[in-house]
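Should a chain be cited, it is by its letter among A, B, C and D, assigned in written order, with residues numbered from 1 in that chain.
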């Protein structure tokens, strides 16, 4: 394996550097992209191929306690999709929730080199790190769940802002997280402590914690800004999946004011209609708000027909889906921190609600004007597997294909959308490079990822160009990670351990004096044993704050 | 002469032989059959390493020898007849679609799991999980017939959706557990907790059985379909008594924890003349 | 004359502590070679604490010492033994597609060992 | 002498699935032993006191003392030559060691199973059928006002479950501890756990499923045959009162033990209990939890699951994982005579398994890793004496509720850890396989 390589004759799609399909050389040295190399450096001729930065998944569920529960739950699904070992790679199983090794290899085989696990209670951080260590090739990080943290609620309720900020920073460090995740803020106490009830409004009182969701959201937005985290608050709003939830979604975005906020899987939050009744689409309204508010970024959470698994820290949602599907159901309460619901689910083309969800996702993609702020995701495996990304890309790039697909789904649902109202936009390859690479890297504050300029990580995907974009994106011919040729001619050539990406915001250690007694009273593990030791980080990188901490 | 594969080297560890179905071997020459792959433990092997192959298939394929360690015989088979002169290992006729498998001996666990069609006949005993779903799945046998002249183990017809399972002897615990439709006839006795979680379908026995408290007595009657089934089983060579054909059955419905639309029919022995 | 009884195998504190000392040590072997028995059953069978009894199933047999328990604690016809090599001798190996051999609540023949 | 006494605070006891991490250990470094284990229960005290450095050879082949390297060589040779090698045990070692065992299984295309299969394996099967509403133990401490123990004897097997997590402990919404909780115990006999209960329900042996099923019917308001009283030995009124209590509590918990998994009905017994807890969520918040045995058996479940997709009973003969309890679980692969070699880590099947399985262990080459002398070690072709996890070795263990905890070892052992031995075997296996593969490739090229 040479540590230098000049890739020649390929068309380069590097939107972050304004390069849209020009034929250029890409030079790699020591795992990074460099401006030039000596003429005698080894060459790879990729004539007729497209060179893109490695894919970056900003929101997926691939490792940790809930993922492993969902994995264990579905042997019948793994059975159909074995993942054999090769001379250089480990074995595993696929299906909707693949084993860790299969997850890493399959992301790589799709041209993705970075993926972010989107929901981890801090108590399970050690678990997620162990699994990520066994998730090969890709770089990865995770978002820590803090919106239903009982101790943080206590500080907020008592107006102890300074301590709140320090405690948030402490928790991020204790877990080795990359970003702060809020899920159904303020609802856990109703679920666990008040007979499985839920929140229905962002200004709801009587939550059992004397805080409204809005108060919680605003406080986290401010603190994450103050801490200078590279990624803003990443939020799963209240009311996910409920008809009429678009108002909650708009209110949540308004709560941010001018501050940055990342709205996760926005498709699931764009429903009109009356609560308890069939939803309608509010995709255009939500897209309009996003179009006019540059502080908001989002990933779509596209629904793809076929097998999915709902897995979420939003436990009441899990229970709602269980009552719809009557499938096996997992609920898993995490003391003082979070809840969790898991239900295997299948999205069907002919079912009104499923078809509507599919169509709303497409509306959001097609109506959003700024591809830098709307990113491709299926909220894997909630809306469908990440392996469906190539098909989704084809739906966006190929209008005729999309229209054929629209004909196959529930027509009543399509009528509730604007999909057939001359919505004939087709994403260009450059725009696909934005929504799958450049934009998520930028939203995450990963300066060395999502582009091919000098200094970037040499995470590169090279596709054979093909009119059928699903086929093209299904199997890159070459995948290079950290400058190493992982896949060549569609086959794995070597194994590789990616990096763990995390942040380490500064905090006043005095906060530990406040935390300690709370742990003694209400946690079941010792305070001293709670923070994750550095030994779990293995190959890692601390991503610095975007500005100095306050 | 018909095609015969005679076991000449006994496997030392479990063997997997999904190549040994009528479909795969029917149109092949002896040497081509001998070259078909087998898995001996974790080692790749060929049919010819273990079997002596002779003749050509004329609608039937015969396997000879004790194949109690050979798994997946007749798996996915869709046509023709496979006759096993000896015991068969696990997963016999797994996900079978059509044709017939006859075992002149005993069969291991998982006979006809997730079977779709065709017929499996076992002259001896079968193991556990006959016609059942695999772990984690809810869909067992969806069609076809499994006829066992001897006894069957636990979880016969787990998650069964359609078809017929007939057992000449006893059926083990949890017969017909979680079944959604179809018929299980255990002419001998039923084990504990038959029909637990059943939604629809019929479980029939000629012997008294202790049922779960979530099954309740409905009536005594003579279901017409039962006579047809019993006559059919008699035709297949099962020892069906006249009194069973003429007899009255006590009908219990359940499982009330589910929809309560399943039935267990027990021969009313008091009314036997 | 052998009687049919129901054997429950399980864990006990003493088994747990002696296990840490070593499974080949005398204490562990002693703990796992003692069967608890309903005291009334013992009286009827003419057994007293420390007497040797033979337990037999279709799989195998073992000789262990018996120890009385009050009827309120251990119903008549029930036996309790801590897991260990003696209980293994009685266990069948059919797991019925589960991986788990029946390890509790199985019928055994009980008689005084000569 | 004081400098040779060391104290370790917040150490973790790995004896049972409670994995209490509040041990304060006093260690005599000269004598290589723990002289005091503050906060430990009776089982934990014995665990810490008894794991000293015994004078045993680090490795033996056929009982003959050999160097570790030689034993590794022999172990690798056995595994590479086997056609149906099994790997078993793994619950009393660290996740780090478990991961190495899985890597070996992947290389040798073996079968991997853990002690789960003879513990709560049936609960794992039940979980795959019906799911599970569950929790971390801190939720029980903070919230549970109704705690039901079914078919287990934590008082003897998990002594601190009561005091630290589930009964007497005080929590956020349970300020008065036991006074704020109602405790129910369901068992076939009175045990040392019974006195803790406000209500003891004695169910007839072999009727747990019927009782659970009857409770489900009552919760759902369904028809129930009166014969249930005779069958279970429990009065219908008692059942109805219990159901009322379950439906009206604020946070209910069902803990269950091997009284369900090891008796006739096995996974269906566990499944009935999990389904009951699920059903109750229509009325209130209700959770269930199998009370797991060995220190890191939950870690083994997790590691095997994330690596293969399946929790135990995994076969890799085809180069990818397949799962089938009853086919690939160890009692079965041994008693049917399938296995032709066995690698056994931190477990003693030769002492606990059914007779037929033990007899087969005598027939095949066995490689055993254990800190203590065991029946399995006695019959093993290759036996390693390894350092004890949690006492001499650091690493990760998972508590019964899936909470991972990092160990704080007390003193060093002259023996290698399980992880070190397994890594050495793995590396040697890889080398031998490469050698084995090469001639074949060479032939192909020619």
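In this section, contacts are C-beta pairs under 8 Å (C-beta built on N, C-alpha and C of every residue); 3 or more make two chains touch, one makes a residue touch a chain.
Computed from a prediction, not measured in an experiment: that's the story for all the values here.
Asks: Name the chain with the Cα centroid closest to the overall protein Cα centroid.
Replies: The chain sitting closest to the overall C-alpha centre is D.
Asks: Could you tell me which pair, A-D or A-B, is linked by more C-beta pairs in contact?
Replies: More contacting C-beta pairs are found at A-D.
Asks: Compute the distance, rounded to whole Å, between the mean C-alpha positions of chain A and chain B.
Replies: Taking the average C-alpha coordinate of chain A and of chain B, the gap between them is 47 Å.
Asks: Rounded to a whole Å, what is the gap between the Cα centroids of chain A and chain D?
Replies: 34
Asks: In whole angstrom, how far does the Cα centroid of chain B sit from the Cα centroid of chain D?
Replies: 35
Asks: Once you find the CA centre of chain A and the CA centre of chain C, what distance in Å lies between them?
Replies: So the centre of chain A lies 56 Å away from the centre of chain C.
Asks: Two or more other chains in contact with one residue: find those residues in chain C.
Replies: Each of 96-97 in chain C touches at least two other chains.
Asks: By the touch rule stated above, which residues of chain D touch at least two different other chains?
Replies: 125, 128-129, 264, 316, 318, 323, 325-327
Asks: Indicate the residues of chain B shared as contacts by at least two other chains.
Replies: 109-110, 128-129, 134-136, 173
Asks: Looking at the whole structure, which two-chain pairs count as touching?
Replies: Chain-chain contacts present: A-B, A-D, B-C, B-D, C-D.
Asks: Show which residues of chain C lie in contact with chain D when the two form their complex.
Replies: Per the stated touch rule, the residues are 6, 8-13, 16-18, 20-24, 59-60, 72-75, 78, 80, 83-85, 88-89, 91-93, 95-105.
Asks: Give the list of chain D residues in touch with chain A in this complex.
Replies: That would be residues 9-10, 12, 21-22, 95, 99, 103, 106, 124, 127-139, 141-143, 164-165, 171-173, 250-251, 278, 281, 283-285, 287, 301-303, 305-311, 316, 318-323, 396, 398-399, 402-406 of chain D.
Asks: Could you pull out which chain C residues touch chain B in their complex?
Replies: Residues of chain C touching chain B: 96-97.
Asks: Can you name the residues of chain B that touch chain D in the complex?
Replies: 12-14, 16, 39-43, 69, 90, 109-110, 128-129, 134-136, 138, 173-174, 177, 192-193, 196, 210-216, 256-257, 260
Asks: Report the residues of chain A in contact with chain D in the complex, numbered from low to high.
Replies: Going by the criterion above, the answer is residues 63, 65, 68-69, 71-76, 78-79, 82-85, 90-93, 95, 97-102, 123-124, 126-127, 130-131, 134, 150, 191-193, 195-196, 319, 327-336, 342-343, 521-526, 528-529, 533, 535.
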